[in-house]
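The data blocks that follow each hold one structure.
Both complexes shown next keep subunit A, but they swap its partner, so subunit B is in the first and subunit C is in the second.
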Partner chain A sequence: MREGALARRLLIGLALTFLTLFLALPLAIVFVEALTRGWQAYRAALADPDSIAAIRLTLIVAAIAAPINIVAGIAGAWAIAKYEFRGKSLLTSLIDLPFSVSPVIAGLVYVLLFGAQGYFGPFLKSQGLQIIFALPGIVLATLFVTFPFIARELIPHMQSLGNADEEAALTLGASPWRTFLMVTLPNIKWSLLYGVLLCNARAMGEFGAVAVVSGKIRGLTTTMPLQIEILYNEYMGVAAFAVASLLALLALVTLAAKTFLEWRYADEIAAMRRH
Partner chain B sequence: MSVALQIEKAARQFGGFAALKGVSLAIEPGELLALLGPSGSGKTTLLRLIAGLDHVDGGRILFDGIDGEALSLRDRRIGMVFQNYALFRHLTVAGNVAFGLKARPRAERPSGAEIERRVRELLDLVQLQGLERRYPSQLSGGQRQRAALARALAIEPRVLLLDEPFGALDAKVRKDLRAWLRELHKRTGHTTVFVTHDQDEALELADRVAILNQGQLEQVGTPDAVYDHPATPFVCGFLGETNRLPVEVRGGQAWIEDRPVYAASQTNLSGRADLYVRPQHLKLDRPDAALLGGVVELVRRHGAIRRAEIAVRGLAKRLDVDIGGGVAPARGERVGLRITKAHLFAAT
Partner chain C sequence: MSAASGRIGASSWRERSVLPGFGLSFGILVTALSLIVLIPLAALVLKAASAGPEAIWALASSPRVQAALRLSFGAALLAASINLVFGLLIAWVLVRYDFPGRRFVDAAVDLPFALPTAVAGIALAAIYAPNGWIGSLLAPFGIRIGYTAAGVLVALIFIGLPFVVRTVQPVLAEMEAELEEAAALLGASRWRIIWSVILPPVLPAAMTGFVLAFARAVGEYGSVIFIAGNVPMVSEIAPLLIVIRLEQFDYAGAAVVGVLMLLLSFLLILFFNLLQAGLRRRLGHV
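Let's turn to the complex of A and B:
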C-alpha cells in the first residue's frame, strides 16, 4: 500500500502545517510578545489596577453565567429530549439562534431594551437600576452568546438515553428531585461538563456583544478581551499581550482539563456512550 | 375471591388513537398473569398504567381496593422490570439493588447494614452472588435481567411487572430463564404481570393469560382454557396455528359447497361462518372415506413434526395438516381429511 502510505503522510503533513501556521504559531507569538521586555515588565503589566479589575470582572461574569447556563441548558435540553410538545422544533432553532446571530447584534438588542433611550430605560432609571454599561448588561450579553453550548451538548445525549432510567427510579420510589440527582445527573455528567467547559471558555473570551453593552469604562466595565483591545489601541503592546497571554492560558487550561478528564475517565465515558 | 389488582374499564387515548378501550381485569394475589397481544394491542400501555408511569383517561385501577390515582408511585409499590432493564449504569449491581431502599424517606429507610443484608439476600435469590461490584455494562444479558429483577424485588412490591422480560435475550438464554422465572415465582409468590407478544411464552409460563387486541381484552383464562376454548376468532388465530375454512352452517352442520364437513351441534349460528381448525386436528384418511378431500401439494418439516399442505376444492387457501408418525403422503396424492376438533365463529 505505497500509495496509501503516501496519501496518509500528505494528509497528516497538510493538517499539521495548517495547525502550526494558523493556531500554534499565533498562540506562541502571544506569549513571546508578552515577554519581549522580560519577566519584570510582564508582571508590571499584569499588576496594573485596570488589568486586575478586568481579570476580576471576567471571572465574576463567567462565574455568574456558568450556573445560570447550567440550569437553563439542562431545562432546555430536558424539554426537547424528553417531551413532545407543539413548537418543539421552534424551541430547538431558538437554542441555536445565538450561534447564527452576530454577537454585536445581541449587544445592540440589549442596549435597545435596557439602555437610557431604550424601551425599559426610563423605568429602570426611575428604579435606580443600571443594566447597560454595568455588570448586569455584561452578564446578559454573555448569557446570550453562551447559552447554546450546554444545551447543544446535552440534547443528543439525553435523546439517546431516553426515559427508562428515570421511570425505573420513580417506580422504585425515588422522588423526582432524587431521581434527577441520582440518575439523570450522573448519566449526563460528562456531556454537561464538556458543555460547561466550552461555555466557560466562550464566556471569558466574548468580545463583540460585551463591547456593545459595557461602555468600556476602565477599571469598571472592561472585561479581559476589552482591556486587551484598549491597551493595544494605545500602543501598549507588552501590556496588551500580557493580558492576552493570560486569556490564552485560560483557554489552554480548559483544553487541558478536558483532555485530562477524557484520559482519566476514558473507560467510564466509553461505557456511558456505549449504551 | 380476593383481588390484588382490579382494573376497571381502563382507557387511554394518545391523540386520536385509542390505545386502550375500556379494559377490565382482576388479578389475584400470587398469580402469574401474562398480557399477550400483537404489537399495538395496548398491552404495554396497560402495564404502564398499572405502574403509574401513565394515567388513565377513563376507568380506574385499584390496588388492594385503593384507587391508584390516589397513590404516589412510591406508595403503589410496583416492581417494574423494563424491557431493556434500565439499570443505572453508573451504579454497581449492589448499588442498583439498593436504590429503592435508599430512596425511601429517612424515617422508613433501613440502616446501612440492613440494606447490605437485604441486597445480599436478593442477589442470592437471583443467583448473582459475587457480582455485586460489577457495573451493568460488565454483565451478560441474562445477568442484567436478573439484576433488574432483584432491584424491583427490593422494594417488596405489591405487584411485579415485567415488560417483555425475554425480548432482549437470545433463544437459548430465553428458554433457561423462563424455567428459572417460573421457579422463582413459585418460591416467592409475588403477584406478577408480564407483557409478551410470544404466545408460547405466555402459555408456558402464566397461570392465566389475558389476550389483548386493538386495545380490547379478547379473553382471559388459564392457558388450557384459552387454547382449547378460544372465545373469539382472534384468540383462536393468535394462539398457535390454525386453518380458516369459510363454511355455511345449516341444520347443525358446517358445509363447504355441497359437502357437510363438521357437525356444528353446540352452536346456534346459521348462515355464513368461519371454521377454525388447527393442523393437528386434521387427520388424513382414505380419499373415499372422508367428506373433505384434496391433493397433497407439499410436505415439509416443521420442528418435530411433518406438515402437509393440501389443496381442497372449494377453498382458496391450502390446508396445513400435521402428519403423525405414519407414512407421509406423496406429492400429488389424493387424500381424505377428517376434522377431529374445530371452532366455529360467525363470519367476519
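Let's turn to the complex of A and C:
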C-alpha cells in the first residue's frame, strides 16, 4: 500500500537535491570562500579594527534588545494566554504584525520619526540627541523586527499549560510574584529559551532594518551584517566571508540548540499530555 | 503589582479571573507594542498621506515603481509556490520515509530562519553569479541567474523554504494510518489515496505556510540585493526603491512606496486567508 522502493528513492533524492542546492551549498560556500587564502588571511580579516568594532556593536545591540523583548514577550504572553477579553485576537495579530512588514519599512518608520527631517527631528536636534545613525536607532529597528518572536513561542505553550498551577499556588497563599517566579517561569523556561534563541539570531543578523537607520559609519554604526555588505562591495571577498562565517557559526549553534530544545521540550509536552 | 491586581473583575470587557497581573502585563504589552510597532507604522501612513493625492498617484503609476512592485510580488508568489510544492515533498519525505541522516536534514531545514540574510545574500551571489560555482556551469548555455530577476527568485526560495515544511509536518505526522489502510482495502489506487485521503487535510496547513513564505518574501531585502544586480526596471525590488528614496532624502516618496507595499501585501494575505477559510470549509474540518 506504500510507494514502491523506486518511487521512494526518487522522492527522497528529489527532496535532498533541492535541499543541497538551496541550503547546503550556500552554507558551505561561506566557509570555503572565507578560507580560500588560508587561516592567516582569515584571522587577519577578523582582526581588522572595523570588523572588531562591528562584532562589538552587534553584541551590544543584541544585549540591549534581548531583555526588552523578554519582558515584553512574557508580559504579552501572560496577558493573552491567561485571560479572556474582547479584542484578544486582534491584539494577537498585532503582535505578529512585524512578520509581514518588510525590514526596510521597519527601519524607514524610525527615520520618519527621528531622522533629521522626521517628525521629532528638530526637537531631538535642539536637545542634542541622536537616534538615527546612532545606537538607539539600531536598537529600535532591531526591536521592531524581533518583537513577535518570544510571545509567539510562549502563547501556545502557556495556553496549553492552563491556569491551574498558578491558581493552586495562589490558593495556598503564595504572593503573585512568587507564583510567577516559582510556578510559571519554571513551567515555561524551555519555550522561553527557545524564543530568546530565535530572537537573538534575528537580532544579531538583521540587515534591512538596521541598514536603513545606521548610516553605515565605519567602526561606529556598522553591525556585522552591514560590515559584510561594505567589505563585499569593496571586493574584499575573503574579509566579507570571514565576518559572514562568524554569523554562519552563530546560525549553526542556534540550530543545534534549537534542535536540542525541541527534543527536551517535546518530552515535556508529552509528559504534560500524559497526566 | 498590587495596584494591578486590585483591578480584577472591575471591567466588563473581559472575563473575571483569579489570576493577578492582568493590568500590569496588558499594560506592558500595549505600551511596548504601541511604542515599537504601532506608532511608528502610523507615522509611515501619516507621512505618505502628507505627499498629497497627486504625488501619490504619480509615484504609484511611475513605470519604475510599478516594475519594482511587479517584481517583488511576482517573484514572491512564484517563490512561495515553488516552496509549496517542494515543502510538501520535503515534509512528506521527512515524516514518511526513513533514511540515513533524516534527523540531521530535519534540523537543517530551519537554516534560512537562523542564517542572517546578508550572509545568505553573498553566499547565493557567490554560487549563482556568472563566475560562481553553479553560475559558471550554466553560463555556457546562456543561462544567467545572478544579477537577473531569476536571482531574486533564487533568494526568495531560500528564505521561504522552511515555512511550508514546518506547517505541513505536524499534520502529516498526526494523520491516522487507518484511513489510508481503509482506502487501500476498499481498492483505491495509491494516487487516489494521495489525492483524496492525504492531501485534503494537509492543504490548509500548506496554505498557511504558503502565506507565511509569501509575506516574508515580499519584503525581503538582505538576501536579494547581493544576487539581484539591482538594475532599474529589470531586477530592482520594491524595498530597494525605499532605500534609494531615503538616500535622496525623499522621505514622503519612501513612505508612499512603503504604504503601497504594505497595502498590496495585506490585501493579498487577506485574499489567501479567505481562500484558505473556504478550503477548510469545503474539505469539511476545522
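The rule is simple: the second predicted complex is superposed on the first by the 253 of 275 C-alpha atoms of A that agree within 3 Å, B and C clash if a C-alpha of one lies under 4 Å from a C-alpha of the other, contacts with A are read in each partner's own complex, and residues count from 1 in each chain.
As a convention for this text, a residue touches a chain if its C-beta (ideal position, glycine included) is under 8 Å from a C-beta of that chain, and two chains touch if they have at least 3 such contacts.
Only a predicted model underlies this, so the values are computations on that prediction, with no experimental measurement involved.
Engineer: Can A:Leu112 be said to touch subunit B (first), subunit C (second), both, or neither?
Structural biologist: Only subunit C; A:Leu112 stays clear of subunit B.
Engineer: Applying the touch criterion given at the start, work out whether A:Gly137 contacts subunit B, subunit C, both or neither, answering first, second, both or neither.
Structural biologist: neither
Engineer: So, does A:Gly195 touch the first partner subunit B, the second partner subunit C, both, or neither?
Structural biologist: After superposition on chain A, A:Gly195 lies in contact with neither partner.
Engineer: After superposing on the shared chain, does subunit C or subunit B touch more subunit A residues?
Structural biologist: Looking at subunit A, the partner in contact with more of its residues is C.
Engineer: In the overlaid three-chain picture, which partner chain does A:Leu97 touch, first (subunit B) or second (subunit C), both, or neither?
Structural biologist: second
Engineer: After lining up the shared chain so the two structures overlap, which partner does A:Gly173 touch, if you call subunit B first and subunit C second: first, second, both or neither?
Structural biologist: A:Gly173: touches subunit B, not subunit C.
Engineer: For subunit A, which residues belong to both interfaces, subunit B and subunit C?
Structural biologist: On subunit A, the overlap between the subunit B and subunit C contacts is residues 167, 170.
Engineer: Can you tell me which positions in subunit A touch subunit B when the two form their complex?
Structural biologist: Its residues touching subunit B are 164-165, 167-175, 178, 182-183, 186-187, 268, 271-272, 274-275.
Engineer: Sort out for me which residues of subunit B touch subunit A in the complex.
Structural biologist: Contacts found on subunit B: 51-53, 73-74, 76-80, 82-84, 86-90, 99-100, 103-104, 135, 137, 151-152, 154-155.
Engineer: Show which residues of subunit A lie in contact with subunit C when the two form their complex.
Structural biologist: Those residues of subunit A that touch subunit C are 1-3, 8, 11-12, 14-16, 18-19, 21-27, 29-30, 33, 68, 71-72, 74-76, 78-80, 82-87, 91, 94-95, 97-105, 108-113, 115, 117-119, 140, 143-144, 147, 151, 163, 166-167, 170, 176-177, 180, 198, 201, 204-208, 211-212, 224-226, 228-229, 232, 237, 240-241, 244, 247-248, 250-252, 254-256, 258-259.
Engineer: Along subunit C, where are the residues that touch subunit A in the complex?
Structural biologist: Residues in contact with subunit A: 1, 5, 13-15, 17-22, 24-30, 32-33, 36-41, 43-44, 47, 86, 89-90, 92-94, 97, 99, 105, 107-124, 126-127, 133-134, 154, 157-158, 161, 180-181, 184, 190, 193, 212, 215-216, 218-222, 226, 238-240, 242-243, 246, 249, 251, 254-255, 258, 261-262, 265-266, 269.
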